[in-house]
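To keep things simple, chains are lettered A, B, C, D, E, F, G and H as they appear, and every chain counts its residues starting from 1.
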Amino acid sequence: MKQLELNVYLAGEIHTDWRKQIINKSEDMGLNIVFTSPVTDHEASDLCGIRILGEEEKPFWRDRKGADINAIRRLKMIKDAELVVVKFGDEYKQWNAAFDAGYASALNKSLIILHDEKYDHALKEVDAAANATARTPEQVVEILKYVLL
Amino acid sequence: MKQLELNVYLAGEIHTDWRKQIINKSEDMGLNIVFTSPVTDHEASDLCGIRILGEEEKPFWRDRKGADINAIRRLKMIKDAELVVVKFGDEYKQWNAAFDAGYASALNKSLIILHDEKYDHALKEVDAAANATARTPEQVVEILKYVLL
Amino acid sequence: MKQLELNVYLAGEIHTDWRKQIINKSEDMGLNIVFTSPVTDHEASDLCGIRILGEEEKPFWRDRKGADINAIRRLKMIKDAELVVVKFGDEYKQWNAAFDAGYASALNKSLIILHDEKYDHALKEVDAAANATARTPEQVVEILKYVLL
Amino acid sequence: MKQLELNVYLAGEIHTDWRKQIINKSEDMGLNIVFTSPVTDHEASDLCGIRILGEEEKPFWRDRKGADINAIRRLKMIKDAELVVVKFGDEYKQWNAAFDAGYASALNKSLIILHDEKYDHALKEVDAAANATARTPEQVVEILKYVLL
Amino acid sequence: MKQLELNVYLAGEIHTDWRKQIINKSEDMGLNIVFTSPVTDHEASDLCGIRILGEEEKPFWRDRKGADINAIRRLKMIKDAELVVVKFGDEYKQWNAAFDAGYASALNKSLIILHDEKYDHALKEVDAAANATARTPEQVVEILKYVLL
Amino acid sequence: MKQLELNVYLAGEIHTDWRKQIINKSEDMGLNIVFTSPVTDHEASDLCGIRILGEEEKPFWRDRKGADINAIRRLKMIKDAELVVVKFGDEYKQWNAAFDAGYASALNKSLIILHDEKYDHALKEVDAAANATARTPEQVVEILKYVLL
Amino acid sequence: MKQLELNVYLAGEIHTDWRKQIINKSEDMGLNIVFTSPVTDHEASDLCGIRILGEEEKPFWRDRKGADINAIRRLKMIKDAELVVVKFGDEYKQWNAAFDAGYASALNKSLIILHDEKYDHALKEVDAAANATARTPEQVVEILKYVLL
Amino acid sequence: MKQLELNVYLAGEIHTDWRKQIINKSEDMGLNIVFTSPVTDHEASDLCGIRILGEEEKPFWRDRKGADINAIRRLKMIKDAELVVVKFGDEYKQWNAAFDAGYASALNKSLIILHDEKYDHALKEVDAAANATARTPEQVVEILKYVLL
């Protein structure tokens, strides 16, 4: 049988190296996965709108220009993915991560939510829409490995 | 012409009376709107799962049972709605609010996001997917009134 | 606010009075629900095809004629429903009940599965696709009551 | 003309070698088919949840963790498939097989149901949703060969 | 339980009174059905385009103008219907009837095909996509009655 | 048979009384139609954004705020409609009218385009996606009357 | 720019060599097209059901078994295609050709209908749903060549 | 990680070399993009219908024949694209460009609208449905480069 391939979008937190861990371990195991991610350079992501399309005085519209451009990439990747992994960390509000989880869920994508136990109650609706709540990148990789058995 | 009717789901924060304000003002104006809301009694919402289906030792599964039952109501209401208003307040993580916004967005629902300016940057992806960012319930009602002109 | 209405399809086992229990209790509570069901007269359901369209020698085609006519009703009801309750009992193979659960799940309907604990392992995939696993008709009614709060 | 390719998901019974028979015969005939299957190692499939994400005391949640992870693979494969073959055998309740048939049917996949005549009446709704009821793996391969003529 | 309602589109042959028979008998039985039909006045249907939008020299464009206007009605009715009955008679090519059957089938509508046995082989693909092949309007009404039990 | 009802959205030009003509004549004929329209008060439409949500210095964002609010109404109406009539007149660029036609077409709505012959070549792609090209409001009403025969 | 590729399903008449003409001419021109077709061996197509799955006494069920298997191939090909060419000739009722045209139309496939002028009136609804009415295979090839410019 | 690929349809104005600029700059940067375009030879596009399918006396039907054939290419390309760039220039009515933008928007494609500031007010509804309003081909390329980071 032809080897199964999986398309996985890694959404959410951009300030730790969890994506690299998942990608590296998956490659070490030879898993046949296409990984995609948002632009994880915080400044590049925040400023892409005004850098390309021109400055805005109001922060609100600066953010809008950037968010709209990032959406081209984000929504393409979610649509292409069969599985979306969403990581919730300790910093920031991370509403964009939860938004992506909701978006992916409505499109019937499989979901793995990655977070510490302390957020279990706050993430109960998000976890309930998911196939797994993982605590570590290793667990995510173990799931990927099993799914591609 | 037959009077236009709108179905509006009021998602998000459940600890202030913003829903009541929007509903009351809309009724005062005679707007033809069907409003729906999640169960806003925090305890009833948290405990519905174990109260009906039996206790769980682990908080994780207590939450799961409740979240799964609440999803019956929540997703029905989002699917029925043409417009979803999502309020972000000061307390809690509110990831369920952002999840609902993402879910509604993927279903092509119109969105109004209601929040203070201080959350503008944190909510930029959510606002970018919306038709309006309102600061007060009054502004939401003004939009509803205009839409139903 | 206008009273919420729910459309609920009661699928599965046709040899006990679980439907009547749910419908009666819901009516006693004044719940605003449209209940639908397959034809629960076993003989009428099995024979509808040949009674209307003419006898068949082979049992296989007798069954086909009936199943195809029943599908008109069944699929209309599943499509119209927002919530599908599927009961698994002790008799028969009940593959049609599981088929209906899968069909409803793929259409993103909310699901409640009603069965004894002894079938937990056998129904694990079906339960995992559902919003609740109930053990009694009373629990189903309690969920309906909560959802319509 | 470019050679036609078919994506076929082999669902259902995991305790006989029917999958191997279909795959081997198809390869012998040079048919251009991508076959996919659930994880057919019964123990691996049952235990994947707790092995990766940690033990559960209650069998119900042990099963849930496993079923949710298996669903990532199962639903990806059903969505990718153009034709789903579902085998019903003699052991177990096989409600997951019927669930998969219903799920695939709602997504408009072509279906072949493989089972003995003794289950004809019990499977009449499932057979009625299918393109063919086959009795042997050989017949399935003959259909595949014809479809790829 | 609230009485079930069905929306039925009566497609195909317009030169016998089969529609009237089905509608009258259904009304006599008190069946709760909304019936819709194409415009069955042959001349009105053929000429609507040029009568409203102006004459055309070429018969091809005369037909186009009419067919395009009729499609507004036809496609609305098929989309609104849950069940489409398609009658094939003895006159004309009736390709529009077969087109409507294919269109309805792709939209997952239930189908009843009404025709004499002599057309069984010619209509085998159409019948195979349908829930029933009826020979008389009475049989169609019997099916409707059963479905609305 | 129950009287057919039609939902018609009247898009495009807002500076002549073509909508009133169509609505009045339809009412005179007793046609069973729900008509909807964008807000046709040019100033109210242009300024709704800044009036409700606060002034903007840049005209670009003033327009954005208004267009986003108008989209709530416009897209609801297009989605609710079964038939969209789009009028192209002599003033302004009318790109929003053509956008609405494209949007409606992708949602498989029936379309009537209303315009003078002088725009035939410029509107050839739009007309080709439509069921009729009408020259006068009277012709539109004649089509509506025929469709509701 | 990367060379455009087109997937074209050749439906309808199977008793003349129109498919070969289109395919050969397209290959001579180096057009980048994947052509698919139903099984065009009349006997193989009619008998596939009983040859593989066993004889039936009644012609109706013989035809059903064959039509159901052919549908696996036909519907896969229509779903994969971006353009469906449907040829109507002089023999047989060709209701399956019209059914395929309706099915493809409901799935928003582009359509070319190939037939003599004498069938213009009978095919007016089918032609109205199509992008072109061609009279010869050469015209079909010219359209394909233009589309792939 | 595998290099991201993007499918981009370049719609709208055909009388300046903006497409060539975007394609050349993208190639210089090594961006992994499949670009598609309508037939940009004005005469070939206008006359394709009558050249292939035969002359028409009325300009209206000449245009129809051509527009219908062009739609095969245009709609295929929009459906295949993940991002649609629509350029509005100074000549012609450009209603087809706005139609394509509306069509793409309803299919949830990402959109970049390319135009001078003088059209900001006239294009406000179109811009509001887009991810970016660019003023130069360079800005479009910068967005493409960022999206493919």
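By our rule, contacts are C-beta pairs under 8 Å (C-beta built on N, C-alpha and C of every residue); 3 or more make two chains touch, one makes a residue touch a chain.
Since the model is a prediction, treat every value here as computed from it, not as a measurement.
S.K.: Which pair in B-F, A-B or E-G has the same interface as E-F, with over half of the contact pairs matching by residue number?
M.R.: More than half of its contact pairs match E-F, so it is B-F.
S.K.: Report which interface contains more C-beta contacts, comparing G-H against E-G.
M.R.: E-G
S.K.: What is the distance, in whole Å, between the centres of chain B and chain C, each centre taken as the mean of its C-alpha atoms?
M.R.: 31
S.K.: Take the average of all CA coordinates in chain B, do the same for chain G, and state the distance between these two points in whole angstrom.
M.R.: Chain centres of chain B and chain G, defined by C-alpha means, are spaced 49 Å apart.
S.K.: Roughly how many whole angstrom separate the Cα centroids of chain C and chain F?
M.R.: 43
S.K.: What whole-Å value do you get for the distance between chain C and chain D if each is reduced to the mean of its CA atoms?
M.R.: Between these chains, centre-to-centre, one finds 24 Å.
S.K.: Out of chain F, which residues touch more than one other chain, so two or more?
M.R.: In chain F, 68, 71, 108, 133 touch at least two other chains.
S.K.: Show me the residue ranges of chain H that touch chain A in the complex, using the header's touch definition.
M.R.: Going by the criterion above, the answer is residues 1-2, 4, 6, 82-83, 108, 110, 130-135, 139, 142-143, 146-147, 149.
S.K.: Which bits of chain G are touching chain E when the two form their complex?
M.R.: Listed in rising order, the residues are 59-60, 63-64, 66-68, 70-71, 74, 88, 92-107, 117, 119-129, 133.
S.K.: Quick check on the complex: what are the chain B residues that touch chain C?
M.R.: 23, 34-37, 39, 44, 48-49, 51-53, 65, 68-69, 71-73, 75-76, 79
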